[in-house]
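Each of the next two complexes has chain A plus one other chain: chain B in the first, chain C in the second.
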Partner chain A sequence: MSSKYWAVFKISWENGLVYRLNFTLWRVRSVLQLLLVYFIWWTVFQTQDQIFNYTKVSILTYVMVASLIRAIILSSRAVDVSAQINDGSIVNFLVKPLGFIKYYFARDLADKLLNISFVIFEIILLVIILKPPLLIQQNFEILLFFTLATILGLFLYFAMAFCIGMLAFWVENAWGPLFLVTIILEGFGGGLFPIDILPKNIYDYVMLTPFPYLIYFPAKLYLGNLPTMEIFKGFIILISWVFIGWYLMMAILQQGLKRYTAFGY
Partner chain B sequence: MKKYFLVWLKFAILGFQTQLALPSALFIFLLGKLLRFSVFTFFIIILVDKTKALAGYNLDQTIFFFLSFNLIDTVSQLLFREVYRFRQAVVLGNFDFYLIKPIHPLFRALMGGPDLIDFITLIPLVLATIVFMNRLEINNLLSIMIYILLLISGFIIALAFHILVLALAVITTEIDHAIMMYRDVVGMGRFPIDIYREPLRGFLTFIIPVGIMMSFPTKAILGLLSWQAIVYALIFSLIMLYLSFKVWDYSLKQYSSASS
Partner chain C sequence: MAVILVKNLKKYYRVNQKEPGLWGSIKSLIARKYYDVKAVNGISFEIKEGELVGFIGPNGAGKTTTLKVLSGLLYPTSGSVRVLGYEPFKRQSILQKQFSLIMGQKNQLWWDLPPLESFLLNKEIYEIEDSQFKKKVNELSEMLEVSDILKIQVRKLSLGQRMKCELIAALLHSPKVLFLDEPTIGLDVVAQKTMRDFIKEYNKKFKATIILTSHYMGDVKELCKRVIIINQGKIVYDGLLEKIVNRFAPFKVISIDFEKMAEKEELAEFGKLDEFDGIHAKIQVNKDEVPDKTSRLLSKFEVADLTIEDPSIESIIREVFSNGRV
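Let's turn to the complex of A and B:
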């Protein structure tokens, strides 16, 4: 990372620490979302030993790991892009030797690091309080796949959020599409439930979209019970979406800037 | 009262016209809300269909909890959408204009921007609630009246929460997430409060009264709530509303105009 983007990274990190109350409330929100999902599944396993091929240990591990993945992948500043286009402050990037995408990516990394440091603390606290039976994955190969899928998911979500934000070049309000994607992610990303509890035909279709690769796929990899063929297929689709996402992001930025007209006083 | 109703009607018409000016955005938000509702309903169906019960409630009962939650949540979003924009008014100094107008500033801050999208979603929601009432064979008029009374009580608590968020925005302008945090806390009432383990369940019933707001109406209509609990819920909601008014008054005393 060149020095100017390192400076952006540091400023974003410090910025996050300045608005502490705001950030703390954001984290409290994440914990509340985690508690809702945790207790739904905890209640289900009060009367069952196994359901949808999940045991109490595997589903509660899934919930906790999904929460960690959310903090890594879904914490992104790329959602601010539309506001910068709408209020005209994007011109700052056009007159400065700063890459628009690189700038946001550096901000993203700082935001993710801040979120990760908090989510680890939160999960440890919840594990101490709730004492859920958890699977501690020790297989190095599985952990490697998990890490790789998470990193690829991070790139994919960044590209997705950035593309949606850049819709502001064409439409007055890009919040609508972003809201819609957030909702789709809630259902088909795997945050509320693992996708493989869906009927097989729906599951097959959903797995062709980018959404399950943002939470479900890495979390499922961590559990270590995905067949090799599924892992292989999953990575092929994930990598394809990352390439498509980044290609689209570059293309949309180029087209958007051509179309953009700055005005003001 | 009539004056306030006419002013609110004006706010509503202007708000609806603004939303109708961007039909594509209106469509996307509406689609998003319907999708979220469908995803949760679908999840409840596949989960409870497999487990036969969730915290002792069958599929129809669990869906009824979810519908009651949505009724209170949608009505409060429909009426109090302006709260989401209030912080900006404080930061930019526009709140000063609320204070000098011959309309109560709390009324303006709470109800100045009704949401058309929530109005559209409210109609099928009410119909679905009636359908599930029939499926659960609830036809006792007294039970239905108590259910409506407890929905109103839940709505009063939602009102009190929104006033507290407004007061918080006046006192400290830093908080962006307060209203969203309220949404997340209340969102824990999508499912019966019985799914939570103690002490969280007690906390969600008596400290942050999500249980009273969201679970009590359904429990009452299913005949699972004592009359003492019903009276408690009604008194609690009124006390909470009274306290929220007091906090609002306090926040106004702390207010000093912002911006240029």
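Let's turn to the complex of A and C:
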């Protein structure tokens, strides 16, 4: 049974390797992004030792870890489903004994593995070159929380991206909603700055949305200075969103297929 | 046993009526006007195990729609459909493992990888045994003469080679039922012939039940004893191809090359002239009069060459379509 999805994983991996140039450009982009954020914060800390509860060490660590998390959580191709709906190649899945969501998830994992192996290499390289002061987290419990949050975030983002991709069942072009989500994600995901530098009341609202759980929350966990209560609360919200996301994804898929089989494409 | 059973099948597409212009699109947002495209409008047929049936009709007749309903891609508006006893739109894997849909214009092969990789993926998806898989790949690629290209990137293959590999990918799980939607579209004469021979042999060898649509009457003539002719969502003929040929064409065509220029008037008594340019003529002659008229033609004219032909299927089908009913 699972060997099906293992085969999907393998072929996606091979397919990913074919696009070496594309992939390299994509990695170059994320390295540049990392460098940009890194140097902005580095410059800010030239004149100060501490800003909004962050020291130079903690913010630079945050930036590096956020980049790793990006490669794990945000490297998803689930929105590609919209292209397959639009060009009709979805037909190839629907006539086969194959779980649609499982298929895409297996493809995603292959893609993530590819990205992760590169980002680790990149980070090691940058650490060697830039020699930033970094916090190496050694507390096992914290590392466990960090890993758990990252895995949950991976599931959450998959569901979000897949839901957006499936809009193609209803509208011809899903780039509008996708663009919106990307913008919100850049702002409130925590990729550019840790969310807790925002005013407290805004922060509280943002933490109720799914976005900060895609980068900020796991990265913050890694730093290890989140109060137990906050960790607890964070996990409850995150897990709730994962359930909501997966439930929505199943429901949308069901409705979408219903529509598809009624209308053709 | 009927492998495919279709009863009073209707498939209407609901289409949102849009008026042109900005105002039109705003209006259509507020008060949506729909109309139904009656793509398939009450068709019934039965296909037995091992039959190879040609499903023909002009553009927009409803052929692809029917095949999509049979494959479980479209939910019928009304009527009942059974394939191997299952309802296709439930998309149960037990049925999906036993049929294949091949559309000439949709590919399943991974574009950037060699066909063999896609085959391996299908092996897992359809849970095919190792030995069976190897046997099948060898067998099919030999039949289609593509054994040497299985490790070349799909994007580097010619259309014909690609279609053959598509066919292999779709046949690895030894489907009992095949829906072929224009499998020879865009292929050159040689590739078309290979494909045809292959389909014929596959049907014989594996007793596969096949529905084939094609706009190339050569395909149909070569492959299908039985044809179902559909026009505007309705079946206008279902029966032996031979029979419809006889009904619409109880005549043969005598094709003659003369040694010397002949006169049109002299030929008129032999039958209706399909073609005539003085030195070459095609005459429609009733079947039972063929021997008599042939000998009279040979004695009356100096004939360089004479052949007796069947009227082209195209011309017959055209006749059927234009008459609407049989």
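Here, the second predicted complex is superposed on the first by the 259 of 265 C-alpha atoms of A that agree within 3 Å, B and C clash if a C-alpha of one lies under 4 Å from a C-alpha of the other, contacts with A are read in each partner's own complex, and residues count from 1 in each chain.
We take it that contacts are C-beta pairs under 8 Å (C-beta built on N, C-alpha and C of every residue); 3 or more make two chains touch, one makes a residue touch a chain.
Note that this is a predicted model, so its numbers are computed, not measured.
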item: Touching partner for A:193 - first (chain B), second (chain C), both, neither; value: first
item: Partner chain in contact with A:172 - chain B first, chain C second, else both or neither; value: first
item: Which of chain B and chain C A:21 touches, first, second, both or neither; value: first
item: First, second, both or neither for A:57, with chain B first and chain C second; value: neither
item: Contacts of A:142 with chain B and chain C, given as first, second, both or neither; value: neither
item: Which of chain B and chain C A:94 touches, first, second, both or neither; value: second
item: Which superposed partner A:79 touches (first chain B, second chain C, both, neither); value: neither
item: Superposed model, chain A: greater residue contact from chain B or chain C; value: B
item: Touched partner set for A:184, first chain B, second chain C, both or neither; value: first
item: Chain C-contacting residues of chain A that also contact chain B; value: 19
item: Residue numbers on chain A that touch chain B, as the complex places them; value: 19, 21-22, 25-26, 28-29, 32-33, 35-36, 39-40, 42-44, 47-48, 51-52, 130, 171-173, 175-177, 179-180, 182-184, 186-187, 192-193, 197-199
item: Residues of chain B defined as touching chain A within the complex; value: 22, 24-25, 28-29, 31-33, 35-36, 39-40, 42-43, 46-47, 50-51, 53-55, 172, 174-178, 180-181, 184-185, 187-188, 190-191, 194-197, 200
item: Residue ranges of chain A in contact with chain C within the complex; value: 3-4, 6-8, 11, 14-15, 18-19, 88-89, 91-92, 94-98, 258, 261-264
item: Residues of chain C touching chain A in the complex; value: 13-14, 65, 68, 71-75, 89, 91, 93, 96-97, 99-101, 103, 106-108, 110, 112-113, 117-118, 120-127
